[in-house]
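Heads up, there are several structures right after this.
Two complexes follow with chain A in common, the first pairing it with chain B and the second with chain C.
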Partner chain A sequence: MLAEPADDQQGDREREIGSCARIADMQSFRLESPRMLAVDISGDTIRAATGSMVAYTGQVQFKHAGMGGGDGLLAGLKRRATGESLSMMACSGTGTVWFAKDAMDVIIIELAGDTLKAESEQLLALSDKLTTDVAFAGLRGMSSGQGLFTTSVTGYGTVALLSAGGPPIALEVTPQYPLVVDKDAYIASRGQLNQTVVTDVSWRNLIGESSGEAFSLRFDGHGVVYIQPEER
Partner chain B sequence: MGFSAVNSKVIAAPVEPGREVLARRGAMLAYTGAVTFSPVHLGSGGIGGFAGRMVSGEQVPMMVAQGQGTVYYGYRGLYVTIIELDGSGPLSVEADRLLAHDAALQSTVVFLGQQGGIRGAVRGAVSGQGLFTTQLHGYGSAAVVSHGGTIAVPVGPAGPVSVDPQAYVAHVGHVDVDISASVSWRDAVGRGSGEAIQLKCTGTGTVYVQASEQKI
Partner chain C sequence: MSDGVPPAPLNPSTLPDNDNVPGNHYAYCVKLDGQLFMQTGRMIAYYPAPHSQGIRFEPLTTANLTGMVAARFSAPLYTRDWVVATGSGHLILGDRGYDINSYDLTDGNLTIRAANLLAFDASLELKQSIVPGFLTLIGTGKFLASSSGPVIFAEPPIRVDPDALVGWADCPSPSHHYDANWMQGFLGAAMGFFGQNSGEERQFDFTGAGTVLLQSSEKAVADPQLLRQLEGQVQTLSVPSLQQLQRTIQQRLAGQQH
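And then the complex of A and B:
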């Protein structure tokens, strides 16, 4: 049900998060430390969040990936229309690049043709063959303030996500066990999931006696939901 | 025996007669044994070093731990990296990133303009590090604080290592740090990659890079 990754004191100890995500040792993505992603580039192009490079060796060029994070004009227009912004840069050449952002923990997820839905600001890097798009996320955006739309990542490759406040947690969802998570702790989800908003607004909120958890996200179906220890 | 890590944010430093430890004032968390603390007014660089510090602003109040025992140091919950110096090359670090070091290490303040001329001065100004940096020479341990921990990237003849100026923490050895700008028209129209200015490290040694772009 719950698989918690290694504590950050253990240095770069390998961490396993469920059975769905693991360190991509045959891919070029690896964790140099729990908060630092290292990517070996050899002639291919990867995309990473703008400004997230902390160091590199070799011959690597950094270029703005274009409107919409480098997925063409249509995706760019959709992003502009929906406000689900994604600022990515394309890194190409030969060498090793290290990425990190605000000391947040990094999680590496491999995709084999399926789709990952993620908050755009939690995306750190994407490998070559993945495409991003804007997906309708239900009426969740009303509450979380992150827009009605979310970013979907599809294809074969590796995604690196950020987790604020510590290592992320992967929670499994099955039809018997639907999952409710705090909207501010939600990072990403994958699988056949149906997402709805749970509200807990009652007369208590009006008199200031709320539980502080007025809006939550409920997931039904089959899949995995990633959450972070810190609330945005 | 040098400093040892208690966890990723706290270090233990053994203190004995003849082996004092200098640390940032206020960084002591706990100690065991008979240890006394006293402020250090003159840096180990003597009058010259002191004057240099006054002028440069590269001054952080330090205290010295003397006696017999173990002292635990930490600072604001920041990650601590222990760097062992074997005398082969100096450690260059910002004074406000230096948590503690063996008193046996010689500390000097270096004007960046001396290293790389006007480009060195520009580097200090652009990277927000100021025009001066602290160097430690000799044999011993030093502890450096960072946001999110550091990685050590070796610098060698294979080619330069480029580092984001905000993520740069320190370097050990004979490393030349030069500023390199690849500003293009894209940056001017707000379509830059956000990586226009980088520090180019060449020579032999190690560069320490933190997992964040925040200053201390």
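And then the complex of A and C:
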């Protein structure tokens, strides 16, 4: 469903798709405030970041989704090997659950069979028909950090993502307009994107406040990249 | 935004030239064409201009920059926290979730808390202020400052809370209104000692004609350079002063343990 290039109506289209999906889907993701997500569940299961529940009504059980963040042993082993950690809990039952994390802004993205790549730390909640896996995001030339593996979310359903430091910014990538993003500001991306590591930003490893990784992510192709105003 | 729907995607033709990203006080888009001094690590994204060399971020010590840097950036304490962005394209800056605003300086001077200064045109000249922790910009050009909440402009005569002070322009005689002696006051500023204990013993005093910039929160923007600066200051102290400093630190540490 995503975005031919230079499609200014993208936002409107997502809105429409979103409302359709909400009617079809029993799980309803909505925002109580810009920084709090509310989800109505009725006899089914959603997955949410561990510890992000702030309140609930009704009969809801919370349990740790397991080593793979609810994706079974293989994904779990991959996560362990790659260091892309995903700590999720399964919430099932009937009622309404409110989620929030560190007062970060929340955005809700509907997926219609396509794939969203997201930084696992920025995932707040997923509806149960979505599957997650570890996606290789580029050559790993540096030490530690978030690693160059991201979490991929695929299927039909709703994803809630977190944005630190303010509302998220959506940036369009087209062949005419490639984009470079600070790895620590990256939240998620979708579309036919080719992701490469740019290491010309050599100043990040100067002694400073954050002796972070000295590279950025470059995106070519067609798609949308979501970033946040604060570096992790 | 409150419905959680992702914002409409922006691209270089829809991004503003030198303004905040639409609907976002916490991100700012610079239309770069030339050189910009900026704090390290504040770039969150950029679109290189088509058919251009892209944008490079270089430390101030880079060989082909040294002449320009020496002429424009006389703040040795801060050199390793700043880089020069060179090239053309749209450059998006974010500063730890603080509000970002741009200001124009026309043949003027403005002194700003170092942690609040995010970026400035290479047409401006930067100097280390004689007030510790502050930097002075001189000349004509644009600069970006971050603040905890929106910035308020005030006119002297005024006394302001140190934590709320972002900077001042053209004031002929900014002075410090301390109840204690200089060193205690300085340590207080460094450690939030007075600020945390009882609040308002210490203010900055502005007189004369000019403008004072205040932020609407007393939560000062975190300044990672402060410790380094204090260490630099310690070298100028005499032995009795050092002993007093040691006693102050010990008292403060003892107080922390409860």
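What we mean here is this: the second predicted complex is superposed on the first by the 187 of 232 C-alpha atoms of A that agree within 3 Å, B and C clash if a C-alpha of one lies under 4 Å from a C-alpha of the other, contacts with A are read in each partner's own complex, and residues count from 1 in each chain.
Note that contacts are C-beta pairs under 8 Å (C-beta built on N, C-alpha and C of every residue); 3 or more make two chains touch, one makes a residue touch a chain.
All values derive from a computational prediction rather than experimental measurement.
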Problem - Touched partner set for A:Gly166, first chain B, second chain C, both or neither - result: second
Exercise for the section: Applying the touch criterion given at the start, work out whether A:Phe62 contacts chain B, chain C, both or neither, answering first, second, both or neither. Expected result: first
Exercise for the section: Using the touch criterion from the header, give the chain among chain B and chain C with more contacted residues in chain A. Expected result: C
Practice task
For A:Thr50, select first, second, both or neither according to whether it touches chain B, chain C, the two together, or no partner.
Solution key: first
Practice task
Check whether A:Ser33 is in contact with chain B, with chain C, with both or with neither, and answer first, second, both or neither.
Solution key: both
Exercise for the section: For A:Val224, decide between first (touching chain B), second (touching chain C), both and neither. Expected result: second
Practice task
Figure out whether A:Asp102 sits in contact with chain B (first) or chain C (second), or with both, or with neither.
Solution key: first
Exercise for the section: Kindly classify A:Ala135 by the partners it touches after superposition: chain B alone (first), chain C alone (second), both, or neither? Expected result: neither
Fill in the blank from the handout: Overlap of the chain B and chain C interfaces on chain A comprises residues 8, 33-34
Problem - chain A-facing residues of chain C, complex - result: 1-12, 14, 21, 23-27, 40-41, 43-48, 50, 54-59, 80-81, 83, 92, 94-97, 224
Exercise for the section: Spell out the residues on chain A that touch chain C in their complex, using ranges where they run on. Expected result: 3, 6, 8, 10-12, 14-15, 18, 29-31, 33-34, 37, 105-109, 160, 164-174, 176-182, 185, 200-204, 206-210, 212, 216, 224-231
Problem - Residues on chain A engaged by chain B in the complex (per definition of touch) - result: 8-9, 32-36, 50-58, 62-64, 89-90, 98, 100-104
Problem - Interface residues, chain B side, partner chain A - complex - result: 7-8, 79, 147-151, 153, 158-164, 167, 186, 191-195, 207, 209-214
